[in-house]
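Order of writing sets the labels: A, B, C, D, E and F. Residues in every chain begin at 1.
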Amino acid sequence: MTFARPSGRTADQLRPVSIQRGFTRHAEGSVLISFGETRVLCTASVDNKVPGFLRGKGEGWVTAEYGMLPRATHTRSDREASRGKQGGRTLEIQRLIGRSLRACVDRGALGERTITLDCDVLQADGGTRTAAITGAYVALVDAVNGLKARREIKRDPIFGAIAAVSVGIYKGVPVLDLDYAEDSDCDTDMNVVMNDGGGFIEVQGTAEGHAFRREEMNALLQLAEAGIAQLVQAQRDALAG
Amino acid sequence: MTFARPSGRTADQLRPVSIQRGFTRHAEGSVLISFGETRVLCTASVDNKVPGFLRGKGEGWVTAEYGMLPRATHTRSDREASRGKQGGRTLEIQRLIGRSLRACVDRGALGERTITLDCDVLQADGGTRTAAITGAYVALVDAVNGLKARREIKRDPIFGAIAAVSVGIYKGVPVLDLDYAEDSDCDTDMNVVMNDGGGFIEVQGTAEGHAFRREEMNALLQLAEAGIAQLVQAQRDALAG
Amino acid sequence: MTFARPSGRTADQLRPVSIQRGFTRHAEGSVLISFGETRVLCTASVDNKVPGFLRGKGEGWVTAEYGMLPRATHTRSDREASRGKQGGRTLEIQRLIGRSLRACVDRGALGERTITLDCDVLQADGGTRTAAITGAYVALVDAVNGLKARREIKRDPIFGAIAAVSVGIYKGVPVLDLDYAEDSDCDTDMNVVMNDGGGFIEVQGTAEGHAFRREEMNALLQLAEAGIAQLVQAQRDALAG
Amino acid sequence: MTFARPSGRTADQLRPVSIQRGFTRHAEGSVLISFGETRVLCTASVDNKVPGFLRGKGEGWVTAEYGMLPRATHTRSDREASRGKQGGRTLEIQRLIGRSLRACVDRGALGERTITLDCDVLQADGGTRTAAITGAYVALVDAVNGLKARREIKRDPIFGAIAAVSVGIYKGVPVLDLDYAEDSDCDTDMNVVMNDGGGFIEVQGTAEGHAFRREEMNALLQLAEAGIAQLVQAQRDALAG
Amino acid sequence: MTFARPSGRTADQLRPVSIQRGFTRHAEGSVLISFGETRVLCTASVDNKVPGFLRGKGEGWVTAEYGMLPRATHTRSDREASRGKQGGRTLEIQRLIGRSLRACVDRGALGERTITLDCDVLQADGGTRTAAITGAYVALVDAVNGLKARREIKRDPIFGAIAAVSVGIYKGVPVLDLDYAEDSDCDTDMNVVMNDGGGFIEVQGTAEGHAFRREEMNALLQLAEAGIAQLVQAQRDALAG
Amino acid sequence: MTFARPSGRTADQLRPVSIQRGFTRHAEGSVLISFGETRVLCTASVDNKVPGFLRGKGEGWVTAEYGMLPRATHTRSDREASRGKQGGRTLEIQRLIGRSLRACVDRGALGERTITLDCDVLQADGGTRTAAITGAYVALVDAVNGLKARREIKRDPIFGAIAAVSVGIYKGVPVLDLDYAEDSDCDTDMNVVMNDGGGFIEVQGTAEGHAFRREEMNALLQLAEAGIAQLVQAQRDALAG
């Protein structure tokens, strides 16, 4: 058979996933997640304030920021703090992370507080945004559990679990969880965010080379569903650990 | 039957589409496109330079910028030039427009020149990014036809047509081409970019309320396919006009 | 006779003026004004707040912002939102528009609200700032009439009318309402803002080539007075229409 | 007679003018100019480069920058460097200074070099921009004389002299050279830039309170002409000193 | 003897110091200080507000800003206001000035007001930050004396005096108060801030060439102590004057 | 005995130091250094270019950037990339790191290449800048060893070793290597950078409370010398490992 992934994985195989809770000590939730060589530090910080547009409404907010250390990548990229602004890619990703995590939060139950999810990529090898979402969920749960333990909230504001994975068409074959070698040489790249009930939260597919057809999209979504089921299990195992 | 769209349209009905070429006189392509009350001015500007990363490679570039006049919307929003930066939503949309249009351009045939597509929303009523993509395609073709007429390029760098439409689940029913009233009250919102061969270029679906299921996604994509076929026809009619 | 304007106009002839009210639907006032090929969209937005320095004083505020679509001009200019700041010319013009319009407003009668006049140039052919002032006046009146109709204000805060025109010395001859071809090749360029009582609000004259003499200035002001009388009539006609 | 200026000056009287050359040692021209209590340090710096748009054309450039020390004024204003941008007033003034001084320079004779005029207000009491222009002219001449002395240029690029003064209508009376007390309480404020041949370079008049009439404008211009004649003499005396 | 300083001074000799109070008229304290050819204008501005982190605590604040006129130096440097940000060197120096001056202020006795020390270099010849600190102290005392004279404060918030000087190793010899010629060619450069009781407030030493040894450091500190004693005396003389 | 450090350490005791090389995989040098609970990721990136001021001189450059993850600290601080600029503290620290490391590099031997040291604080507990310098040295050596192994440079550009430690006066007692609890409650805080020959590279001492005396400074420097000797040994062990 002629098709082979650079990593030797089968088409429907995730990279090894590791989720390490309590990676740093100050944050209310702190998770180092690895999808293979991609490593993202996800922290959840609780603040007893909400943005202006929510003040006085009795609702909370969940938001995210994303960053990449300058040398997380093969060649050094400029530090955004030094350039004086966050690039379009960064803003797009952090908006995606925030929207995705809000999809499992009952903001009334959270009360007037903000949870900020900082996702900082220590090492990049493809799939940093999907790793970030998957890890941020665990950090978020840890932060919320702290609020519950300190009896600052009464009802659990989190319903279900959220995880994300990328899929794509590499050398004509739909594959799961693209690494950098595949990502930079694929025809279609799709990021899928789902909940643990099998519902879709976000689907973002881009034809890098050829336009993709409905049946290819179906194959990709099927791979994503199976991958996300495994990621949700990894989240559960980590939270139980 | 109890379901009704605010506009009285059927679920699979586009808003009236109008495409006016030559709306302004200086640009190589200048199109005012309306999707109902949404009106976007799309201009194509040709420059005989390429960005640094392409210099000397014999290839061209197509890029886009997106803006919204401060009072295009119900309430005035701050002018981005005055705030000193483009917001995340703006950057995300202009990246989408640029990627979408590059999907129909043979950059080798374009030669070392850049075509910039400026999409400025004069009036917003939902679907500004899909109107922008659909209109920008026509402006791009006009600009390229000018290059061909002046014999600055030999081969036609444009293959196929690109159009975009939004679909969503409004009060439980999949509908085509959401207007603002629907957009601000829907469960799922999806922007679909396709070519005239029925291939997908971009699919961006977001669960605003509940997660959406695969069969809902299928229904939405089917609506989008039908809508885009009509938009491609409207583009052809305008270009023939 | 050897003197001829590029447009064939006589020295004291305005370009065709058109003032279209209700050009967009969300703003409290929305006017598309044309001075020949120069087209500016002027919207007036009412906000029930005032800047900090006026808070609690029972007075209103009128301010303006000015922008130029990137391809309103012969060659594309950078988008100010993307460059991250408004240029000196933009700031200078929007300060001029705001000062000029405040000259016909009784800010006590307006009450603690701000009216923002956004003047966005869709197509430029010289005289964008004077067209902007002339059109913004009409948008301002429409917005104020709305406040009166809704009985939000008791007294009419607008006294008189404000209009503006450029004059200059082109090939040695004082001419009215310079278009781009004249503007880029003239010796003296002067923008004049007046009220309908024949009083001067602003006079800004610049010697581009030779210094100008008092008698030239007098000739220019006389042209401006006649031109502004016609513009004030065009405003009246539009508001009566 | 009931009219009195706060300073006790007659209506057509300048404040005491002092022009001190060589105030600092590094600049090619360095002038501290005082119009009464207004003190501006004007330096001229020569650089053997021109901006991009002039490169290779054999012409020079003269440009200006304007700043105000934070506590030059009655109450401290924010430092523009710290706020991260120059305000509209600053940009407007430095554009005016640059345009005014270019009006006496033969840029071909200057050759491919840039002279930057930095005008920094050490103490403000009205009329900072007119003092800046008047002082910058002297600094410019000193810098050019240095170039001539070192035989870096052959022809004198400076023709004529440039000076500026403000005039205004204070308590109904046209007065020359407004100080801060008058400036903040006047009806009309006009800045006039002229050359030593009695030609106008810039006229910028603003109605602060009532609109002004043509005969008032004539009275103001007459005052300005007389004032500028004295300022040109003061420049000559300083340069001869 | 072979060692000679470019200025002909002995190793332990300060440049001539001059402290001119009341240099400008609006600020509550305004001092022009010269260390030889280095001239810095230091103003103290009193504001009856404190930064957010101190509000309601009954304490005052002392802060500093530092700037350099573009042509204070041998070659013109860009204006920070125009570049849009203050450089690292500027921020570092203004933080140092603020910290140093706060070391002699009882912020409770000052009450809820902020004193801002603006230090603007008119002419630079080395040692601008030490001149700034030494001059800012005098401006601060003048501002506080004004508050006392107007009985706005009861207790004197200033204890002791603060002055600063640079020392360095020039051609192998420890010297006091480096001028630009020495500063740009020295092995070690140290800025020392002390109070009039002989206590150290700040010591910042940098090896420019070779690392320095403890005994060199001791020699430098000894020079600094002697120099600062003279500067404190100059401050006293100025304040008595 | 009444004196006790919060951590229970003796006055002259460092926190446990750990230096982990190869922490991430893309950088030419990548070191995770811990001083107790302070953890800094230091990467060295080699680029075959130099800044403009060095171009064509045959010399290399070493520079540093410093960042703190938003939740490295007890309470979340704003992300500098999102605020749009690096703060004064950040700029000050990264200038210090760069200067310190350049003190052990023969820039001629390095050749025309730049090594950028990115020091990103993952977790902060006092002493982040001294940990950064100490760790960055190891990353720098790894990067240079790579250049030597690939025979891109001939001579070793690194002479000696550089390490840094903080010292301070805590409750009246001079102590080594302050942690956060001590740092936020100390009288004097001093950062000392030395080389392995016992020479000083940088000394930055600040009186937070009382001014400090020469004998206190001597005691602090003595502690620093002993601490740095241990850190240099830890660097050697790590590089040998």
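Here, a residue touches a chain if its C-beta (ideal position, glycine included) is under 8 Å from a C-beta of that chain, and two chains touch if they have at least 3 such contacts.
The structure displayed is predicted, hence computed values, not measured ones.
Steps from subunit B to subunit E, taking the shortest chain of touch contacts, total 3. Distances between chain centres, each the mean of the C-alpha atoms, put E farthest from subunit B. The greatest centre-to-centre distance from subunit F, using averaged C-alpha positions, is reached by C.
Counting the residue numbers used at the interface between subunit C and subunit D, over half appear in both copies, so the two copies meet with largely the same residues. The angle of the rotation carrying subunit B onto subunit C, fitted on C-alpha atoms and rounded to the nearest 5, is 180°. Separation between the centroids of subunit A and subunit C, computed from CA atoms only, is 51 Å.
Rounded to whole angstrom units, the spacing between the C-alpha centres of subunit D and subunit E is 33. Here the CA centre of subunit C is 59 Å from the CA centre of subunit F.
For subunit B, residues touching at least two other chains, in rising order: 84-85.
If touching chains are joined by edges, the resulting network of the protein chains shown is one closed cycle, each chain touching exactly two neighbours.
Round the ring, the chains follow in the order A, B, C, D, E, F when counting starts at subunit A and proceeds to subunit B. Listed in rising order, the residues of subunit F touching subunit A in the complex are 24-27, 30, 37, 39, 41, 43, 45, 47, 65, 67, 69-76, 79-82, 84-86, 90, 116, 118, 120, 122-124. Subunit A contributes residues 85, 87-89, 91-92, 94-95, 99, 103, 190, 194-195, 197-207, 210-214, 217, 221 to its touches with subunit B in the complex.
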